[in-house]
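First chain written, first letter: the chains are A, B, C, D and E, and each begins at residue 1.
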Amino acid sequence: MNLLELSGVHTHIGAYHILHGVDLAVPKGQLTMLLGRNGAGKTTTLRTIMGLWHASQGRVRFGDKEITALQTPQIAGLNIAYVPENMGIFADLTVKENMLLAARAAKNASQMDDARLKWIFKLFPAVEKFWNHPAGKLSGGQKQMLAVSRAIVEPRELLIIDEPSKGLAPAIINNMIDAFDELKRSGVTILLVEQNINFAQRLGDTVAVMDNGRVVHSGSMTAFSADAQLQQSLLGLAL
Amino acid sequence: MLKRLFSHDSPRSHLLAMLLITVVLGLAFAPFIFPGVKALSVAAKVLVFIVLVASFDLLLGYTGIVSFAHTMFFGIGAYGIAISATRLGAGWGAMLVGLGGALVVSLVLSFAIGLFSLRVRAIFFAMITLAVASAFQTLASQLSDITGGEDGLTFKLPELISPSFEFSDEPFLGVSLDGRLLCYYLLFVAAVVLVLALLRIVNSPFGRVLQAIRENEFRAEAIGYRVVVYRTTAAVLSALFATLAGAMLAIWLRYNGPDTSLSFEIMVDVLLIVVIGGMGSIYGAVIGATLFVIAQSYLQDLLKLANSAASDLPWLSALLSPDRWLLWLGVLFVLSVYYFPTGIVGRLRTRALR
Amino acid sequence: MKGMDFDWKPLLLVPVLALIALPLTGSFSTWLTLTIAGLAMGMIIFIIASGLTLVFGLMDVLNFGHGVFIALGAYMATTVLGGLSDWSTADALGRNLMALAPALVIAMVAAGALGLLFERFIVRPVYGQHLKQILITMGGMIIGEELIKVIWGPAQLPLLPPTAMAGTVFWLGAAIEKYRLFAVAIGLVVFGGMAWTLSRTKVGLLIRAGVQDREMVESLGYRIRRLFIGIFVVGSALAGLGGVMWGLFQQSVVPQIGAQVNVLLFIVIIIGGLGSTGGALIGALLVGLMANYSGFLLPKLALFSNILLMVGILLWRPQGVYPVANR
Amino acid sequence: MLETKDLTIRFGGHVAVNGVSCAFAPGTLTAIVGPNGAGKTTYFNLISGQLKASAGTVSLDGKSLSGMSPSARTHAGLGRAFQLTNLFPNLTVLENVRLAVQATRAGAHRHGLNLWSIWSDHKALIRRADQLLAQINLKSKEYATVASLPHGDQRKLEVALLMALEPKVFMFDEPTAGMNAAEAPVILDLIRQLKKDKSKTILLVEHKMDVVRELADRIIVLHNGALVADGDPAEVIASPVVQEAYLGVAPKEAA
Amino acid sequence: QSGKDIRIAHIYSNTGPLEAYGKQTAIGFNLGLEYATEGTMTVNGRKIVVMEKDDQGKPDVAKSLLAAAYSDDKADLAVGTSSSGAALAMLPVAEEYKKLLVVEPAVADSITGDKWNKYVFRTSRNSSQDAISNAVAQDKDGTSIVLLAQDNAFGRDGMTAFKESLKKAKVVGEEYLPPATTDFTAAAQRILDKFKGTAGRKVVYIVWAGAANPFKVSDLGLKSSGIEIAGGGNILPALVNYKPFPGMEGSIYYYFGIPKNPVNEWLVSNHYKKYKAPPDFFTAGGFAAATAIVTALKKTGGDTTTNKLISTMEGMSFETPKGKMTFRKEDHQAMQSMYHFKIKVDPAFAWGVPELVHEIKPEEMNIPIRNKR
């Protein structure tokens, strides 16, 4: 069963026509990799799902609900977490405050789920270390960790993440791979945009490749990994 | 040749070019096309505002500094002429002394303010200039021995540009050839020269760097531009041009007072004109100032007409009463932000791109 | 954690200023009169500024039209108190309050309602764009002022405090207007309410986050739109309250009553640091004290005392005493 | 020769860069690696002048740079691309590069402010900018505004600005982060070409070990602000500190 | 000539901070014309046409409006305006165009003083008249006075004239406050200090224009030290602040209940009829300007030649709601009565009612001539 489904989605930004009929299915409980060259429209697709830009044509379905025309807070309220490409860190707020905002159920820091925080601190030690620091002062990679931590501070049904591994040291990337694996096992569905091939191969269950505002290939990761020619033609290189 | 005169900054829209030509021709022949003292006063005010607004755009539109102290320099220019004419009498020498003095004062003040602008954040800077400008206005009305206080100064200028001077008894094309006419053309020439100079400055490599600083000051510094120097220079230049605009105003009015050249109202008008015209474009200042000053000057007359037309609807006529012209000016403020987010110039240029 | 300790230095500014003034004023009772009057004046200024700390300090809306709500509040009070003049001129505190309470409430409701309209038609298109905010809110201000003139006329209207709040009490030889004591009480309530709400709920955090990156806050599932409307309305209502208090203090209202205090309010908020309720209170108290001390010692200086105060504070702390929002 | 001596910076109690002394010779590409938050970007910031050191000095060819503003250091020959893209968002791609070209030539403060010539008369600057755009495959987008570029193209432009400065020292901070695997080679090729010019000093912060392995002549490792390893790439990568703290091979708490 | 319209430009603040004042003047002026022409709006067969113009309280606007009125609209003469600054800026225009300007209601002394020219007449009182009449009202043996005024030309000039004309009372201090002052505590403390060691009656004499209520100084320790406050008259909304001070004395330019003459009766009853309210301070002034002009026009037989009008008006007397006024030949200032009043509280009125103590006739005031001819 597909938790999220886009059919024939067109998106315009101002006068520019960016997405030209995206069809994308994200199966429940799996990790879907969205690949493609720079400018293929991956980020735009994610933003369209989140309602940050609205589809001019086509439909977006989540569960059994059509979300095409919903507003962003409503969409997020359906238990979806999103990590944007630019990370969306609130630079003036401390790390703690950033996390607190992501924890919708908590009214103040003491109400955040301790066990889950501990888990996060283990994955991303920097989040704990800089708990009371302004998030704007973090290093590039630390910000990226915070952005991902925010998305997992509470259990969500769907995680949508735009390039989480950029700027992270290999050790941390390993942590993150473990984390996503764990989340997946607990039943979370994940939609990931990634450039890091290694990352993609180790985690992906299904794969979709975009080019020029369309999904030009979709299928299972194993099949895709095996077919070097397909990779070459779609991504311009072999994995 | 013509292109060089305009520093290769073409209007990039036929409609805009037509509008500009209309405005320039209209202003050049204003005394003959629009007879009457009032029309000439409006035209003169347009000239002054074109220079004032263009100078402000150098600061706001090109450098991205929001300052409310611009009218302060406008006022300094006006007071320079007013005070020297009052003290030294109605001579050309006195005018030059006043102008020179005003320029020096503006230079020093704007230099200080320009340096200060780097110390605090943008909003704070804007608010500080607001406070400084209001303090300066208070100061001008307090120093009544020099400035004439709140009543201001009425003064005489050289005979040649005074209304009483007639250099021909015969009216030419129905217009009497007097000092007022000469004065108008003095302003016209000054405005043309100053606007062309500003155009040159914003289209120089220097002007381009200002835009870069506006966009991302941090990166501009990183690629090797000394932001302090550029910003301060822009602040000083813009202040000097505003001072000249102030002098033009005083020469035309032969009067100056705190409300006339220092009030916050003028500052807001200038801001609005920049936005209506289109920020970051000297042409925007020209078009914006023309439209706004004309609208402002004739709004009351227009309302008189509307009011009598609506006289059988009492509530409507209360709103359309000429007494409430400011209400409609306020509406104009709101609508122009709604409908001209990129200003007239921006609008016309995007249209031309289609 | 370092930097998390409470920063107490700015709190000392108020007593330090008062102590510096003590030897200069010469007589103790004069000093006491000036100090109490200054603090009370500061409280009144705080009440009018409180709405703007929300709207400008937290929401980052450079609202030059804030004065409209102040004026509307004051004018509503003239109407309500005029209608209830029997009660407000009665020589009994209870009945005075019965007249004043509806005046305050109606003023706040009216200003809040206007705030709702203002947010929808004036502010909404220009969130995040300072320059346009300045222009469009100036436009809103002009429209509001003119409409007030259409409704209430252009002339100055009297607005006298109820009988029990007129006059003076004496304490240790210092003359204290009763009305100021009332204002202090209201100011403390406003301060307490705001400080509590902002520190105990996520509201303050959400607004600061929303100003920086509205999309991200929405992506986290918060309806930031509604919150912004709500805060704007509260800010406007507080301005309405401030208008009543200011009008009663001046004992008269003119349509420009709001515009006249605009610069002062911005100064208070800058001194306090953006978004800080406590900072705004300190800023307001300093402004009130400075005005009284300098008015007594050197009246000429009183004209510029606010600006000198602001420049002084900014040289010490370029972001104001307690910056919350970092812009 | 770029040299730092005891370079240190503290933020409150936190020492982000801790007494780093290191010299970088022309003709070598030094990769700087280390866990997130190790102080790599901060080290760059200290060298290029965005941050003022709490202690220590920076010098280039024997001339001290300490106390110079970032713009002065740029003129002294330091060039820098940023980790988080940092461009002129509402100007066109061409204009971005042209400004960087201009900074090194006409209009730079050394030559006066240049406020009385017309910018479009400076044809050479525009030609040079065009040339650079062609080199990084962005020529087709030269009139697009930067804000509308996809992330990957913005990263490329970031590098183009650095190339335009023609510095003696190139500092790259994760130039290929977020860049598509098909596009990254364009940047890597550029760096390879630079390496051929033996007068250039190149510093590269990079998390992708395959890239580091291929390009680096030398690796230095920063950890908690301190320089913990320095030397030949193969050796350093094999060292325990890198294996554990950085690559996380033997899982142990990092940072 | 006869048959052609007589064109009068009336420039006043129809908008801007002085809007309320300007509106009163305009009403008064039109009522005055109606009264003086007995409702015909004609003099000698020539119809009077009034062109109303709004100077927004701005001197530069007033100045160009006047020039446009004389030149574009062919006005024969002009009346205006509310703000002193604007009126001062208008004076040279009258001289340039060699046309008559009747100043009303601006009060600055310099209008008929050093900035005066022969085309300028003024029906309104000047600051000296205000100050001197107030001095007459306060000038008693054994009185010590502290002056409290705004720190601007209006405040300082008024106080100088006031001081100069005191004979018996003694000025023990002067306080000039920023015009925007709202908190008077500091001033009250300074005033208390100034009275230290004085005996006898103690009075603070206040000249103030603006929204804040300076009478609050009384509450800030002055009343309890036995210090009285005093001030000149004002418009009705401002007289509300006088209500808590029954018995306070001063002098006023006009209050509708004071003058007893047919003109005022006509004005009050017609104003009530039309506007359901009594005429105010500036209504009377506008009225006086109108009667002055019509009286002059009647004398010239409708001739609007400027020099003719000037020579007619110099020394001319005319009837106004304040009784007879006379343009002094030397400086064209209308000599007029002022009213020494005492505040009474009457529950029927929202304001403190000024009751006439004594009409101060022009002869009782020695108004200096300050212009140079």
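Following the convention adopted for this analysis, a contact is a pair of C-beta atoms (placed from the backbone, for glycine too) under 8 Å apart; a residue touches a chain by one contact, two chains touch by 3 or more.
Since the model is a prediction, treat every value here as computed from it, not as a measurement.
Trainee: Quick one: point me to the chain whose Cα centre is farthest from that of chain D.
Mentor: E
Trainee: Which chain's C-alpha centroid is most distant from that of chain B?
Mentor: The most remote chain is A.
Trainee: Distance between chain A and chain E based on Cα centroids, please, to the nearest Å.
Mentor: 76
Trainee: So, what's the distance in Å between the C-alpha centres of chain D and chain C?
Mentor: Each chain reduced to its C-alpha mean, chain C and chain D end up 49 Å apart.
Trainee: Find the geometric centre of each of chain B and chain C from their Cα atoms only, then give the gap between the two centres in Å, rounded to an integer.
Mentor: For chain B versus chain C, the centre distance works out to 34 Å.
Trainee: Let me have the rounded angstrom distance from the C-alpha centre of chain B over to the C-alpha centre of chain D, please.
Mentor: One centre to the other, that is 45 Å.
Trainee: Two or more other chains in contact with one residue: find those residues in chain B.
Mentor: 138, 142, 323-324, 326
Trainee: Residues touching two or more other chains, restricted to chain E: which are they?
Mentor: 19, 151, 178
Trainee: Contact residues on chain A for chain D in the complex?
Mentor: Per the stated touch rule, the residues are 13, 16, 36-40, 43, 85, 125-126, 129, 137-142, 144-145, 163, 166-172, 174-175, 195, 197, 235-237.
Trainee: Taking the touch rule as given, give the residues of chain D at its contact with chain A in the complex, in rising order.
Mentor: Interface residues on the chain D side: 11, 34-38, 40-42, 83-84, 148-153, 174, 177-183, 207, 209, 245-248, 251, 253-255.
Trainee: Please output the residues of chain C touching chain B within their complex, sorted ascending.
Mentor: Checking each residue of chain C against chain B gives 62, 121-122, 125-126, 130-132, 134-136, 138-143, 145-147, 149-150, 263, 266-267, 270, 274, 300, 303-304, 306-307, 310-311, 314, 318-319, 327.
Trainee: Can you list the chain B residues touching chain D in their complex?
Mentor: Checking each residue of chain B against chain D gives 4, 7-8, 200-201, 203-209, 211-212, 215-216, 218-227, 229-230, 233, 237.
Trainee: Give the list of chain E residues in touch with chain C in this complex.
Mentor: Answer in residue numbers: 17, 19-20, 23, 151, 175-178, 180-183, 185-190, 192-193, 211-213, 216, 219-221, 223-224, 235, 237-238, 240-241, 244, 350.
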